[in-house]
Structure formats: C-alpha cells, structure tokens
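Letters A, B, C and D mark the chains in the order given here, with residues in each chain numbered from 1 onward.
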Amino acid sequence: MSLANGRPYLAIPGPSVTPERVLRAMHRSSPNIYEGDLVEMTHGIVPDLKAIAGTEHNATIYIGNGHGAWEAALSNVVAPGDKVLVPATGRFGYGWAEMAEGIGAEVEVIDFGVQDGMDMARVAEVLAADTRHKIKAVLGVHVDTSSSIRTDMRGLRKALDTAGHPALLMADCIASLGCDRFEMDAWGVDVMVAASQKGLMVPPGLGFVFFNDKAADVRRAMPRVSRYWDWTHRANPDFFYQFFCGTAPTHHLFGLRTALDMIHEEGLEAVYARHATLAEAIWAAVEAWGQGGPIRLNVAERGKRSHAVTSLRIGAPHGTALRRWTEHEAGVTLGIGLGMSTEDDPKGDGFFRFGHMGHVNAHMVLGMLASVQAGMTAIGVPFGPGGIDAAAEVIAQG
Amino acid sequence: MSLANGRPYLAIPGPSVTPERVLRAMHRSSPNIYEGDLVEMTHGIVPDLKAIAGTEHNATIYIGNGHGAWEAALSNVVAPGDKVLVPATGRFGYGWAEMAEGIGAEVEVIDFGVQDGMDMARVAEVLAADTRHKIKAVLGVHVDTSSSIRTDMRGLRKALDTAGHPALLMADCIASLGCDRFEMDAWGVDVMVAASQKGLMVPPGLGFVFFNDKAADVRRAMPRVSRYWDWTHRANPDFFYQFFCGTAPTHHLFGLRTALDMIHEEGLEAVYARHATLAEAIWAAVEAWGQGGPIRLNVAERGKRSHAVTSLRIGAPHGTALRRWTEHEAGVTLGIGLGMSTEDDPKGDGFFRFGHMGHVNAHMVLGMLASVQAGMTAIGVPFGPGGIDAAAEVIAQG
Amino acid sequence: MSLANGRPYLAIPGPSVTPERVLRAMHRSSPNIYEGDLVEMTHGIVPDLKAIAGTEHNATIYIGNGHGAWEAALSNVVAPGDKVLVPATGRFGYGWAEMAEGIGAEVEVIDFGVQDGMDMARVAEVLAADTRHKIKAVLGVHVDTSSSIRTDMRGLRKALDTAGHPALLMADCIASLGCDRFEMDAWGVDVMVAASQKGLMVPPGLGFVFFNDKAADVRRAMPRVSRYWDWTHRANPDFFYQFFCGTAPTHHLFGLRTALDMIHEEGLEAVYARHATLAEAIWAAVEAWGQGGPIRLNVAERGKRSHAVTSLRIGAPHGTALRRWTEHEAGVTLGIGLGMSTEDDPKGDGFFRFGHMGHVNAHMVLGMLASVQAGMTAIGVPFGPGGIDAAAEVIAQG
Amino acid sequence: MSLANGRPYLAIPGPSVTPERVLRAMHRSSPNIYEGDLVEMTHGIVPDLKAIAGTEHNATIYIGNGHGAWEAALSNVVAPGDKVLVPATGRFGYGWAEMAEGIGAEVEVIDFGVQDGMDMARVAEVLAADTRHKIKAVLGVHVDTSSSIRTDMRGLRKALDTAGHPALLMADCIASLGCDRFEMDAWGVDVMVAASQKGLMVPPGLGFVFFNDKAADVRRAMPRVSRYWDWTHRANPDFFYQFFCGTAPTHHLFGLRTALDMIHEEGLEAVYARHATLAEAIWAAVEAWGQGGPIRLNVAERGKRSHAVTSLRIGAPHGTALRRWTEHEAGVTLGIGLGMSTEDDPKGDGFFRFGHMGHVNAHMVLGMLASVQAGMTAIGVPFGPGGIDAAAEVIAQG
C-alpha cells in the first residue's frame, strides 16, 4: 500500500506547479498568428513582463528554455574573443560560463563554492585589476538553483562601480523572477535573463531577455548577431512575425497572459512576501530538525538564502532515499541535489532540494515538510523535535 | 498578504478532489450516443461498479445527485403508504427519511444522536415489535457525512435477522463507497445507493443504485414506478438508450471510466488501506491537540469513525473562524459542520469537517493538518503539542 | 485510406457540439458547494435562463437528462389519475406521453403522424369535447427531434383558448431552446422543459423546468410531489443546497455559465437568425438533390420545419449506408432515423437526421452537406445537381 | 447576424489544427524533468520521429520554432565565411538564406520565382561551375509555404550528383513533414529541419533537426558550434538534460507523443494518401471555379504542388476581402498571401492560401471550399460552375 495516490505535488525547483488557470488557458485551438487576438495579447504581455522585471527598457520573448535565454543574451553583447567574468555560486554559474565559452568568449570564473556566496570585495578586486577593461560583461546568477544561494545584485553592481569598470552587468533571474525581489533598473542591471517555468508558472518553453540602453548600444557595436538570437527586432518589431523570429509560441502566450494576470491580481509585493514567509517556514523546520540529526540548510547565512529554492544536506545515501520515500509513499517529488557531488558522495545522494516557487501556498509547503519528517522517520534518519510546529508557527504569524 | 495563493485544496466531504486524469478524460467533444465507443464503454463500466460495491447483482447509473439516488432507490421498492424504518446517526439519515416521506411512505426514525452510532439491540427490538411486518425497508446510512459516524452494516443485517424481519436492508454508501470497505452481497445488503463525487472521484452528477434479486422481486410487485426512477430497464437495457432513460451522461461516463481504471490500478484493498491510514493520521493529530485545547473528534469510538470524513468539535465561533483562516491564509477549504447546531450554537459555528475521500494522499492530509494547527495558533485556540508529529508518525509507519 | 482523420464533426441532433470555451470552463477543480463563487454564479444563471426562455417567472435546474426534465415537470402538476392530452408529432411526443403514464396519468394521444404536424382545429375539437375539463394539461413538443416537425405553440395556445379550456399548456423545448424562437410568457405557455445538451451547448446532464404562476398554483394543489422533482424550493431556495435538492452539478454549472455568456455575446436574435439561415441552406441543398434522386426532407411544409434538426428520407438501406460512409470516410457523424421505421423498413435504414443546433456555423453545415453529396456518389444514390451551390448561395445571402 | 458562431476552422498553413487528443495530453501537471515517465517517453519519441523522416540516422528536438530549427541546422555545419547555395522557390527559401547570412555565411541564391519551381539543370550548372567546391551546402525547401511549390528533393540530389559536387544537401520540411512523402535516407538528404506545428499537429514551440553521418562529420570539423545549437549531445545525450540543452519542453513532449501515436495508428502511407486526395479535391474545385472567374492555383504544374498548402491568386483586393468574409461570416480563417506582393498589389491583397496539413479531413476541406464559394458570391467575384461538385467527386472516389 502506498499513501501517494492522490494529487501529486512536484516540489522540484522548476518546472514549478502550473496553475490550473494557466493550463486551462493553454487548452485551446491554435489561433491565427498573423492578425487578431494573439497579436494584441502579445503587445499587452510585454509591458507586464517589464513591470515584473523592474525595468522600463526592453523585454524580449524567445521560444527556448533557460539555456536558450542564456545564449540569446550573450549572443547580443559578447562576440568571439570577448572576455566575460563569472563570479560563480553554484552549478548554474558554471553553466552560463560554459554557454559563453560556447560562443567563443574568453571566460574567467571566480569560484565562490556552493555555500558561502560571493565575496564582493574579491569581485571588485578582479575588476579593478582589469585595467584595460577587457572584461566586457560580468555574469551574475541571482539565485543559483543548485546551491540556492541568492546573490546581492546591488552589491555586485557596487563592485563594478567601486572598480570603476564599464562592463555590462548581466543577471540570471531564471530561478528568482517573480519570487525573490528583483529591480533591474534600480539595481543597475544591464541585461537580465529569465524563463517561463519557475516563478512565472508557465510550462517550460519560453526564455526572456531584458536589456537596457547601454546593452542596446553594445549590441549595435557587435560585428554580427545571428538572426534567431538577435534581440533588435524582437524588442521593436516592425510586424508581429518579428516578435518571435518566426512562428509565435501560441499556447505558451495564452498561458503566460494568464500567469501575469494572476501575479497582477495578487500584487507583486504580496507575491514576494508570500515567498519570503514560506521560505522562512521551511528554514524554521529544517533548523529544528537539524538540532537532533544530520539535515542542514545548505546556506548558513539567512540573507543569502533564496526564497524560491532551498538546497539541503543530509548525508549519503539519505537524500536519495528520502526523495524516493516521499515520492512513492507520500506523493511529494523533491528535487535532486545538483552540482553537489563530493569525493565521498560522487552521485550527490546526500543532497536534495525543495522548490517553492510560483504557485505555492502554505498547505503545499507544510504538507511537504510533514512528508519529509515522515520520510526521515521511515528511512531511519534522526531529527530534532518541533520542526513542523516551528513551520506552522511561521505560517500562523503570516 | 495571503499564503493561500497556490494550488487550493478542497478538503470538504464531497465533492472530493477530481484527479487530473479524470478531468482530462472529460475534456472532449461529445460522442455519438447511439452507437460506438460510448456504448461499449458503458457496458464495461457496469461490472466495475459492481466489483467496487461487492455485488454480483445489479448496478444502475442515474443522472442525478445523491438525493436523486435516494429517491430512485426508494421509488423502486417503497410505494405510498408503505412503511420504512430509519435508524439515524446524523443529518443524512434524516435526509433520506425525508425523501421517503416525499414519496408518501410512512417513516419511523430511531434517533441515535450524532455521536454514538446505532445501538443494534434497539433496532432489533423495534423490528421485532413489528410483528405484522409493516416495515418494508430499513434505511441505513453507512457513513453519515454530517456526523462522520460509520455504521456496522453487518450488524444492522444481523439485527434484521435476529428479529426475523423480512424488510429490505437499504444502505446509503454515498460517502463511503471506494473509501470504507463495503461488501454488499457478503453483508446482506439488498439495495445500495452511491454517487460519483466522493470516493469515485468524478464531479457531481451521477447517482448509482445497486440491488439484488430480493429487491428486484419487491420492485416487480410494485403497483407503479415512475419511468425515470424505474431501475428495470436501466439494469437490463434492451438498447443503449434505456441505460439512462434517455440521453447518456456522456462526459461523466468518460470521467467515471478513468476513475474506475485508477481504482483498479491501485487495487481496492490498497485504496481501503490508504483511507484507513490517512484517517488514523488525522485522529492521531486531533487527539494530541485535544490534550491541550477544545478540539475533539466528534466520534469517540474508533470503530465507528469513518475513514472518509471526520467531523470535529471545537466550540463556537472557532469552527467557522478556523475554516475562514485556512481557506484565506493557507489554501485549504474545510467542510462546514452540518446538522450539528445546538441551542448555544444555532449556526453550528463550533463544528467543522475534514473530507479525506478518494484522490487523497499523505501530502494533502499532512498539509491540511499543519494548516489547521497554524490556524488554531492564528485565531488563538489552544491545542496540545505533538499533533502533526503524531500524524507524521502514522504516515511513516504506512 | 480514410479521409476522416481530422477533427470529427458530430452532426447528430444532440448532444450538440460543445464549444471549447465551455469544455475549458468545465476543466477545473471542484469548488466548494456551500459558499463562494459557485453560489453567486448560480444566482446569476437563473435570470439568464429565463431570458432565453422568454419568461419572467420561474426557472429550475435539475441534474437529469431531458427525460428527467419531462418527469420533473409532470410530477409537479399531474397526479396519478389526472388526465393529459398529447397531440403527438413524432417519437418524442409519445415519449413524453409514456413518462406521464409512468407517473399514473391517464393519457390521450392525438397522433398527427411524423410528417404533417398538428391540425390545431382537431386539437381544439378534442379540448372542446372535454366539457368537464378532465384534461389537466396539454403536452406539446415544440420541436420533435425525431420528425423535425416544429409546432406552432401560439397556435396550440389558441386551440386551448378557442375551446375555453383551462388545462395547462406544457411545452417540450429540449430540441429547440436557443435555436428556434420561443417566447414562453408571450405565447401563453405555462410549463416548459429543456435540457443542456442541444441549443445550450453544454454536455448532457442538466434538465430545466420553467413554470408560471398558474402552474405554481396547480403545484400547490397537488396532494404530494416527491422531493427530488418538487420545483418549489428549487425555484425559491431558502439556502443554496435546495437549488439542486442536494449536491450541485458543479462542473456543468461552470459550463452553462460560459454557454449563456456566449449566447449573450452573440445576441439571442442573432442566434435565431443564424439557425434559420443554416436550416434554409440545408433545405435548399436537399430540395435540389431531390430533383434527381430519392432524398427528401421529411417535412414538406417550410413553416413546420425545425431550424435545429432536419429529418430526411432516402430509402432503405441508403440512410444507414450514407451515415456509415460519412462517418468513416469524411469525418461527419449523422443522426440515425428515430421513430421512422415502417413495415418495409423495420430498422429505419431509409432515414437519417442532421443536427444543426447550438454551436454550428456555415463551415460546419456546408462541409456536412458536401460530405453527404460525396457519400451519395460513393454509395451510388442518384441526386439532382446544384445542391451545394444552392446552399452556398443561401449562406452568401446571409 | 454572422454565420461564423460555431467551431471555428483555422485553415492557415500553420499552426495547423491541434487534435483534441493532443491538447488533452498537454493539459497536465508538470512532470519531473530528471527521472521518470518523461525520460522514458522522450527516448521513445526519437525513433518515431526518425521513422516519419525516413532516416535511420540522427534526430534532435529543439525548443524553438522553424526559424530556430533553420539556425540550429546551419550552425552545426556552416561556419562564418562558408558558402551556401539556395535555389529559392518562394519566401521561405529567402528566409533560410537570411538565417545563413545571419550566421556569417556567404549566400548565393538562385531565384526560381514563385510559380515555376526549380529548374534542376540550372542548379546542376551552378554547382558544376563551383569547381573549387566552395559551396558547402545546398539549402532546398521541400514545400515553400508561401508559394506552395513542392520541390523534387530527389531531383535536387541528382543535380548535386550530376555535378559531382560534395556539398551537403539540406532540406526544409517544415511545411511538408507528415503531409507530403519525404524519405531522407533514400533520397540522399543529409540534413533536414522540421517543426511541430504543421503536419505533426502540435502547437508551435518545437523544431527538429535530422542529420546523417556525412553531416555529423562536417559538424566535427567545425571550429566551434554554440552550445544551444550544437546537435552533438542532443542526438546522443549522456544524460537526459542534454537532450534539450537544459530544461525539457515537458508539455510539448506529451503532445508530440500523442501526435506520433495518431500518425502511427493511421499509418504514414494512409496519412500521405489522405493529404494527396484532399489536395486534389481542392485543385478540382479551384480549377472549375477558374473557368469562369479570376481565381487560380498559384502552381500550374500538378507535380509541383504541395499536398499540405495551396497558394491562390484571385486579384486584389479580392484575396483579402474573401479572407475577411469567410472568417467573419462562415467561421473559416484562410491564410494570407505571403511573399506574393507585386507592384500593382503591394500588400498582396490578391493572394491567399489554404492550409490542409495534419489533422484535416474531408468535412473540413469541403466545408472550407463551399465557404469560399459562398464568399466569392458574397463579395461579387465570378467563378465557374461545378467547383464543389468536382471536389466532392474526388472525395467520393477516395
């Protein structure tokens, strides 16, 4: 007998739970892609995306996943031979760096490990040392989905300013947009990439690239940008077909329209507050459990923890065993540990992650935590008392 | 800010959570109702319904809700002036009695209150006193959705047998079919009614009436049965149109086919065991909470508690306040107290119910319990410690 | 190879084509049935139903099919032993008569065959002969789905008035509501029944009963009405649960809300005009074909033809052969002949029907007609020239 | 009053009509993207795609539209400075050429106009003149969606062989795959690109690139290929994440799986035959109309006409007027003329297109043709008699 046969909860850090309103909006006959409702709807989506990104500048939508958005953003401002600096706080910092290498960039990575986050002084130092300003762009991952470290993007901006360095500041908000506060213009970010399947609550398939005028200038000076990645006409199309460099992602647009409506109805500040409180509930539970057992939050410093994803350490093989148990016995699928393997744990079986991004409420998070506690009991991992009570207390305070 | 903006969980005692497979199966163009797939599918549904009811006899499907099924069943065996006995354990016993009055029956109710369940000796006594066998049918509600009392239907059968009374035994399994074990033939039940929207996981709209040969004989002796309620051709149609006395409930049938497949895939015994364990988890939490506060299970005796619905007492106005809080702050909609009003609490604000029937898993139940605990904290109702831990412990044991 | 593998078109006279907006509205988690959106929505549905029925009086919604609505309506005003008069124009007149017999009424049928429609003088004559006013109700089918005869309900009203007969006039608008103009109050109809799956474009599962004050008075004088069928509380519920005598048909209500919105957006007059023009296109095609072959409209007199369904004669076995061909080779499912069997054609293989009710446009009808013409060619049935051209001409004139 | 208010038919050349089975398959909660059903399903999709493409070599799936697939294919075998030859038969030949320019290729276009198709002798001539084999790839559009010209890809292969030229032969089958016969290996095509939203019946969002060993060798010799476009790991992933260079297109994969099942159930040969017959029906109608009016098939030579899309000439402003009429009055949306503007008709108002690709049957096509005839009548464009009859005759012959 299994206790999982009900509505399953996918608590991995993306794709997130797609709201039924979004799925419903996507369940429709294909529309005309040359004129009519789809065209008008797309024109309305763009300003709403900008509002969520905190920018008054440019928003573009690509049919592609997050990796596609990474390559799109890079392709517009980094030419073969250009140099980029990547202060990395997890697997996805390295991933973006690899995409930069893939387009021929010279890449310098500063490895900040997977638990501590960036040391901005060191970033500033490296930038200051680049006196000939060979570094064309600094690539910062706002929330690294593997480590769940959240980087202070204002701090990174300040590091550039301190060093007096003219490089573009590029941010990856794939795991954070619509979850953790992000204000592109106010924080001095020049280019930002995101995707549909996390805080924006739409199935995978869309990438977004936002850019300001400084980045647009850099683009104009590029020797060549491939047509699919070129953001120029996507941001300012002469006709609808250019929005997407060809056929529009019809059904995803209907879903996105609905998701943006939902965010608007709740209010972006309320969305941020909800994510913050749910994250605190998770932290409270894990910290209590950790008093009497091996489970630990990956990130010790509260201010560096994401509100959308939480990476955990529990020791091999408990991470994998726990994930199996909650999926097959309780109906909760947890995220695998990513980029966390060590010599002792080559497969990363001692790690796992909670996704808590987008369409997530107190019931879902509390149920997940209680399922994890049941799982620890079932697989024989000790834990300290009061975890769920502490989480429920956070929820009760709201 | 609300923490409810995620996937809402409707934890009322029906309609239950419709599985997305079922909803998907219902999202389709209308089929031909005279020939083709729908006809074949319906012929396959009937034996599967019988298997879940534990009968080798007759199954009929009505377009109607549970009240419709009540009236359908009665209409086939109870004529105006006939007498029925209703040993009532809650609001729904009275409801069925009222339907019997509505068709002109003389109704005798034995009121067993809303907490204690039936005293079979007393039922036997009443039957024995009916020496002229004027009572044509005994109407027993297997699980009364209002009180959450589960009645021992074998015990009720035994009461008839003890009294040597020939009345039909009719069971209402609306809230229990596919949740709490029920074996129509083995337990000597002659007529049973159920509906689609609880353990069978399909939206409201279908009622079911099962009957054995003894009941069929009673039907044949009836002076007249209205055509819509007449079960004769529904159980043995000469042509498809008679299955439903007219147009078939096309989309509900597609949903029902899928729901029956899901029950079959899990296995009926596993379904029962899942419901039993989830119910125990709920009881464990509430009993712990009750050590330090006003919350109580409505039914003290474990063996008389439903595995599908749990009625609770917390004192006015806490029941209503708690329901409001969990719905608006945590995303869980609890059931209202029904049939529980008292002089001190005319609106029943001191009561509420958990539905845990059908498509429900450990995550959903644990999340609901933790949300309730958060709610008690938020609205200032004291409770004893260890409730969620106790529930998680039950889940861990499986 | 088949040419049917595309989007199939079900052109039977009900269930009609469910709009994808309606299906989408129905694809959702179950709502609370005690409070919230569903309750408000239902209160809004009732006046919209009345508007379509052309009445300012009472509307009730039953979980049930058309047969259920028939029995519901009868049960409120016809007691066992009461007499009803049924001037029948097809199978469904007989069907309603049988339902009346089923509840114990004395039924007098005037059989007007299946092609000619009612002779109102004869109806008036029969009524006038009932000098003691034993006839309590006259049951008229507005559009008989089998014969596709449309009855002049004002004419029927006049027949009662001419005879000075106080019987209730009850109308079956199951196949006509939302297709053929019907004005309950203006036309002096006292009770009207309809269902969800034809002009109202929702899957089967809901029946509707409308009634005026005169009928309400008759109801009040009834010795007893069974609770499920009783319209009293359904029309004026003290609380939401009474609207449906138990659990609400949640998903159908969401679908119905959307269907009513669609009718409102188009405008009821425009809906009637669309049905009228599409029907004329069909008639034009068949009349042209009939100049050179056996196909005939069942109803010769234009004013007696339904705008929602068309019954055809083509001679056995061509009707069945044609239906098979269009379904398997062209993707169009036509309706079977119903109630049209003769001695020479015991199975009715020489008849078939077109449904053109509800969500139907010029493309669908023209494609159906051209598919039928292809089918006649394929199975070797001769036909006169210019059928499709004539239909297209009607469409072009709009 | 409009006659369009029914199920609308989008008869543009892509996106095509998405089958409701496909939409239903896509309406689901997001799955785990690291393990489980999605992983297994994707492994099963790849061989099925190869079978439809007629290749035993490599298939890759990109999140992207057709333009993305164009760029993906080019990026793997064409480096900046390489030369490609594009014998163009319509707008999409030019479109692919522009994508090649966008990645830095030197592009030579042979313009064959928009009506006549390729002169293979001339292609062979150009290739033969390239004695130093600077041309690295020949880009041929199998069916140009703008002109509806179908190119004989075996003929193009033969042109390369005749010239003894080693260039890669690359085919664009975006508008033809699953509609017009295509056999990649047998016909000697080295690289082929396709997309999801036409013959494959899935919403826009997926592009496909197929390649053989010769192309793989060219890839290996490339100086660099960007990571998103690189087909190497997509074709032979070490782990699931590499299939899509990041997050999988979860919902599109569920849709694609169902669409491939549907093609398999019907049989690929039957799918081709269906498209061929439906195209012939269209041609028959237009040719008859053209005897008495200005409407003409764009492609005179039968063997050069696509079976999936038909481009038409009717003279400005009739094309646009006709499209408006059929959309607003009959419920059929026709495709705009694309790449057909002339000096006299700068907006292309004299042209339009029929899409008849994928999920399309006789009913849909016949209804479209009859709607077009009604439209010509309504807007006052003359036409010859017998068009629909001729189309129905083709359908009747099957």
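The rule is short, and it goes like this: a residue touches a chain if its C-beta (ideal position, glycine included) is under 8 Å from a C-beta of that chain, and two chains touch if they have at least 3 such contacts.
Nothing here was measured: the structure is a model prediction, and the numbers come from that model.
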Between B-D and A-D, the pair with more C-beta contacts: A-D
Pair in A-B, B-C or A-C that repeats C-D, with over half of contact pairs matching by residue number: A-B
Turn needed to bring chain B onto chain C - CA fit, degrees, nearest 5: 180
Distance between chain centroids, defined by C-alpha means - chain A, chain D (Å): 35
Centre distance in Å when chain B and chain D are each reduced to the mean of their C-alpha atoms: 55
Overlap residues in chain A, where contacts from two or more other chains coincide: 8, 17, 20, 23-24, 27-29
Chain contact topology (line, ring, star, complete or other): complete
Residue numbers on chain C that touch chain D, as the complex places them: 1-9, 17, 19-20, 27, 262, 266, 269-271, 273-274, 277-278, 326, 329-332, 359-371, 373-375, 377-378, 385, 388-389, 391-393, 395-398
Complex contact set, residues of chain B against chain D: 20, 23-24, 27-29
Residues of chain C that touch chain B when the two form their complex: 8, 10, 12, 14-18, 23-24, 26-35, 63-68, 70-71, 75, 80, 98-99, 101-104, 195, 197, 203-205, 224-230, 244-252, 333, 335-336
